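The same subunit A turns up in both complexes below, where it pairs with subunit B and then with subunit C.
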Partner chain A sequence: MIKGPAVDWLAIAPEMTLMVGAFVLLMLAAFIRGRDRGIGVIVGLLVLALSGGFAVYGWNDPSTTTLAGAVQIDQLTESVRVLIAGCGILTLIISVGWTRMREVGAEFAAILLLACAGMDLIAASNSFVTLFVALELFSISLYVLCAFDSKSKASLESGFKYLVLGTIGSIVLVYGAAFLYGATGSFGFDAINVALTKAGSGDALVILGTVLVVAGLAFKIGVMPFHMWVPDVYEGAPTHVTGFMAAATKIAAFVALARVLLEALPAVRDSWQPALVVIAVATILVGGIAALVQTSIKRMLAYSSIAAAGFGLIAIIVGGDVGARALVFYLAAYAPMAIGAFAVVSMQERDTKEHKATYDSIRGWGFDRPIAAAAMTIFLLGFAGFPLTIGFIGKFVVLGSAVQGGFGWLAVVAVVGSVIGIGYYLRVILAMYDRSGKSGAMVPAGPGLGSATLVIVICLLLVLAGGILPGLGLDWATGAARALVAAG
Partner chain B sequence: MITISTLIAVPAVIGVLLLVLPISRKASGYLALLASLAVAGAVIGFIYRFEPTAGYQFADNVEWIPQLGIRWHVAVDGVSLAMASVTALVTACAIGFGLWAGRDRSHTSFGLLLLTEAFLLLVFSARDLFGFYVGFEGMLIPLLILLGVWGGAGRRTATLQVIAYTAAGTLLMLLGILYLGLTAPGGPSFAMADAVGRGNDWVFLAFALALAIKSPLFPLHGWVLPAYRESSPEVAAVLSGVASKAGAYAFLAVLVPIFPVQAAKYAWIFITLGVIGFLWGALLAFRQPDGRGVVAFSSISQMSFIVLGIFLLSDRGATGATFQMVNHALVSAALFLLAGWLEVKVGSGSFKHLGGLARRRPILATVALVLGMATLAVPGSSVFASELLILLGAFEAQWWLGAIASLGIVLAAMYMLRWVSAVLHDREGELVGTSNPPDLRQGALLVILPLVLVLIGLSIAPYQLTSRIDASTHSLITLASQEASR
Partner chain C sequence: MSPELPFFLALSAILFTIGLTGVLLRRSPLTILLSLEIMLNSVNLTLVAFSRQVGGSDGQVFALIVMGIAAAEVVVGLGLVVAMTRREMVLDTDELRTLNG
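Moving on to the complex of A and B:
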């Protein structure tokens, strides 16, 4: 008989809650088929809130590992759990009023919960095995979520593309992990770190493994040159799912990269840092320039999220206390802006009953929906990093870490990207407030207008509060960063 | 006792309220006007209570983001107060003009104007680099939206051009600020006082670039003409009157005190560019086909002259430059509002269509002539006083520098007299005959008149201003001028 490892159930309660919740919802779905009436959403919200509550409950507990060291629970894990639960809650609220929710609401909520569980587990992973399982859990859930609008060809195409390309990413990651296992004899981050510190970085196996692992995770984050799937998938997926991906997937994938690079592979920093520098520069510039020439708002936002990922890479390149803090804060700052912006886009799509928001279709729309448009303006200014938004503080800490860490020229590249960014974000704002466009007619309130407005307002408050008084967020980010750096 | 924070909070809060509240055109206009007048009234109170030799006053200094060493620290010295005063006056007049001209979606445009004012006041009073940056970049947002939404036919290109220029400079300055703030001994601190003397050449250049673009200093003035031409008159008045002063003000009050060594080392660059810009802008102003073009290039010319005055690093130069900033703010704002009036009443700002307006329109002729005389620095005008101070400073530094710069005054007379003659005299323009505009009166007069009256007041008693600022300008340039004379 095989003896299982000791399990600290309380420590992994947030993930367990989400998974159990998901299975309950799936069972429930079988009984309420077609007569959802919001049960799926309500149960989903409760489960997410409970999961976030567990994370807050364990907030101040000292760092521990459980499941034989496969999982580590520290401040970073707790922070990510709270963030992911928040993203999940906001996404579920917007999805109320989406036509598909009446038929398959419970299934949608269940799969969303599974994705959240996977993302939480990524933040907790302490070995490549856990990391891979977690990554697949959330990736597969996301493939389904992208294709969820099964009556729309674009949605199916988006899900399929994501499935194919995402799988390649996963395979590359596993391949790399295998090389690292071959070189060090372990999947655990700590053990790999110890072995590499002793052996040095000369081993070809280690370099190959590192490159492949970085490439695999770069796929998931969506940075150059592995970014091709991002615009297509973002554009085709149901818009609130896109918002969830832009916010939560980015958090999960970046935290995975940070865990791997800063905890398992700090000893071979010399071999991954230059590669990351090249990727970051290319990502910022190419993402920005590509965003400039888009006509679809969602594609523009997709490319802009690629460019934004470059900023996250800068924080990882800098590393150390300041870099890790900048990364955590930047990711947390990005989430409300992304969810809010895509919520506005989805509101606009429901207004025009088209699955495609373009610069032309939003012309003058700002005067019909003043609150949503004003909020969109703030979100876009936040992306662009204008003062008094949380995006500015995010940019501030990232650029600050680069300047402090001796990567001043990288900060200059980031500045160039920011200037390009202001160009394409402002285009949207000017189009929304174009006085020559059609406007003035009252738009009838569609289904789910209230829920989308609620989400937009919550995100708006977060973006402004975080921009004006970011103290609390910075403290959390400092705590989470300390966990990341201390473990490495 | 009210402090500077209150002064900033009033336009900020009312501005945001105007943006979100769905109120009528009239009500929003009057609310905005009331707010801007309240700010102007508060500024008068500050001027009354101001002690010229007491350094920074009416301060608020509290922790803001302690994790990053950022404080909310606002206070004014003589120079700041002078700039805050013209900001309040110009914004009030600009809002008055918007009310008179009538704008669609007016509550949004008035709200954005008030937000611009709040950010500008922050720039002119911040004693912490973070707050300074928030104001400096923050004011771009409302101005860009005002330009991009309410501007003329070429507004999109103009907006993009402004972004390309100003954002690039501003963001590089952010890197400089980060460097100064994060490398402070004893933990991060963004206080300007802590940054003095710690910058290196690169940081200096990052700052200088941002400020030179904003000012604008030759040859970085490319964004100015489209922006001034395409924006609505009240926005052009704010842009050229006070927003551009943010750059020049920061040269004097931020750059020179924080980088005394580099300011002294590189002063010759700014002096050279200042002289070139002064003459070049004046020459181009002479060639412009319309009133706005003349004012735009005259602004470039004047701002270059101001930067020249600052980098003389002498008391005369700095006081003259500050005085000239005030004068130019009043003149250029009034000229843009006047150009806007002509566009509304005559339907064009082009000299082709104008001319002969002095006939039967005594008030218009008087106001235009007073502004023209002020711009070309007729002896006895306040502009004469300020330009004389700068020129004296230039002669003190090098006699030939003063001699070359004096040419600019002659050129100013040329373009300004051309403007006066093209608008007021000459043959009657085609559109003047058909539209037959009335004289300048009531609403429009009421918005332009305060600017003209203050200008006349300063001409009569320039000492009222210089006595309040010269202690401040002296302390701002002391370090750098010591460095220069070493």
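Moving on to the complex of A and C:
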């Protein structure tokens, strides 16, 4: 009989809730075939809320590790759990209005729960084994979610492309983990850190491992030069899934990168920091310039999310207390803007029954749907970093950390990127309020607009509240960052 | 360092390169999935070789986990290929240009 390690069930309750919920939903799906699948969404929302509730319940507990040190639960873990539960709930609400929800609702909710479980677990990972399993759990779920609209060729194609390129990313990551294991004799972040601090960074195996691990995670985040899948996948996936990917995947992948670099590999900072600086500069500039020339709104948002990822990299480069705090706050600030913006795009697609929102198809749309268009304006201004939105505070914190950490010139590059950003965001706003457009006749409210409107309003409130009263969010980010740095 | 280790690492690096070349150059989705498997198994070889070097069984256990996950990955990949065939899409990655990538 093999003796398993002790398990602190309460500490991993949020992930367990999500996984059990997913399997219950899949079982339910087998029995409610052919009837209304609304129940799937309701169960999914309850499970996500319960998982978020467990995270809030354990909020003030001291940091612990369980499962023989494979999993660590600290305030960063709890924060990510709450954020992911929020993203999941908003995504599930938007998808209520999706036309195919009656056929595949329960399965959709189940896979979404599994993706959320993987993302929670990645924030809790304390070894490369956990990290890889969690990464694959959410990646494989996302491949399925991207291809969920199986009647659409674009959706299948995006799912397959994501599968191939995402798997390359995972393989490169685990190849790197294997080299680090060969050099240090362990997969655990703490043990690797101890071994590297003792041995220094001269070992070729360590450098090779570090490079491969960073490249693998860069694939998952979607930064230069591993960004080519982002626009295709974002465009082909069902739009509510795209919103989830833009918000939640970014959070999970960035937290994974932060855990690896700041907890396992701080001793070899000299070998990864310069590489990240180059990647960050290239990401911000290339992402921004490519976004300028797009015609599809979803592709433009995809490139803008690539550019936004560059800001997250800056925070990791700065590192330490300040950088970790900036990273956590920036990711949390980006999520409601991304989900909101893609909710507006899905509303527009449902409105016009077109499957592609372009600058032409939204011309004059602002007069048909004043609330959604006003919300989109605010989300885009938030992306661009205008004051009174949470996006401004997010960028401000990142730039502040860069200056404090002695990377003033990186802050200058980031500002240049932001100025380029204003160019493509304004184009959308101008197109929406173009009177010469086709508009005039009020489109009758189609099905599925109510759920999108609800999400848009929630995101709008979050974006404005975070922009006007950022204090609470900043305090919370400071706490989460302390957990990250203390462990490192 | 044991004398065999460099040979194991060289073989796994060669397998990794073969797999990566296959993914980048072959056009049939099925061959691409096969090439991904070759890459994953080259990583397994690395893990087992290092496990022998370091001692203990961590690396071998991880290799088993990687195999399990690779199976899950391929199931989803093959499922997508079946769905694409049903939609009568041409199974050639050069033809997958709906998303001008």
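Brief remarks follow.
Criterion: the second predicted complex is superposed on the first by the 487 of 488 C-alpha atoms of A that agree within 3 Å, B and C clash if a C-alpha of one lies under 4 Å from a C-alpha of the other, contacts with A are read in each partner's own complex, and residues count from 1 in each chain.
Heads up, the rule we're going with is that contacts are C-beta pairs under 8 Å (C-beta built on N, C-alpha and C of every residue); 3 or more make two chains touch, one makes a residue touch a chain.
Predicted model only: the values in this text are computed from it and were never measured.
In the superposition on chain A, contact of A:Ile140 is made with subunit C only, not with subunit B.
Look at A:Thr358: by the touch rule set out above, it reaches neither subunit B nor subunit C.
When the shared chain is aligned, no partner comes close enough to touch A:Ser63: not subunit B, not subunit C.
By the document's definition of touching, of the two partners only subunit C reaches A:Phe187; subunit B does not. Contacts of A:Gln273 after superposition on the shared chain: neither subunit B nor subunit C is touched. When the shared chain is aligned, subunit B comes close enough to touch A:Leu399, but subunit C does not.
Touching subunit A in their complex are the following residues of subunit B: 19-20, 22, 65-68, 104-105, 108, 133-134, 137-138, 140-141, 144-145, 148-150, 156, 159-160, 163-164, 167-168, 171-172, 174-175, 178-179, 181-183, 202.
Note for the complex: subunit C touches subunit A at residues 16, 20, 23, 29, 32, 36, 39-40, 42-43, 46-47, 49-51, 53-56, 58-59, 61-62, 65-66, 69, 72-73, 76-77, 80-81, 83-84, 87, 89, 96, 98-101. Those residues of subunit A that touch subunit C in the complex are listed here as 128-129, 132-133, 136, 140, 143-144, 147, 150-151, 153-154, 156-161, 163-164, 167-168, 171, 174-175, 177-179, 181-182, 185-187, 228-229, 231-232, 235-236.
Interface residues of subunit A facing subunit B in the complex, by the touch rule stated above, are 367, 370-371, 374, 377, 381, 386-388, 393, 396-397, 399-400, 403-404, 408, 411-412, 415-416, 418-419, 422-423, 426, 429-430, 433-435, 469-471, 474-475, 478.
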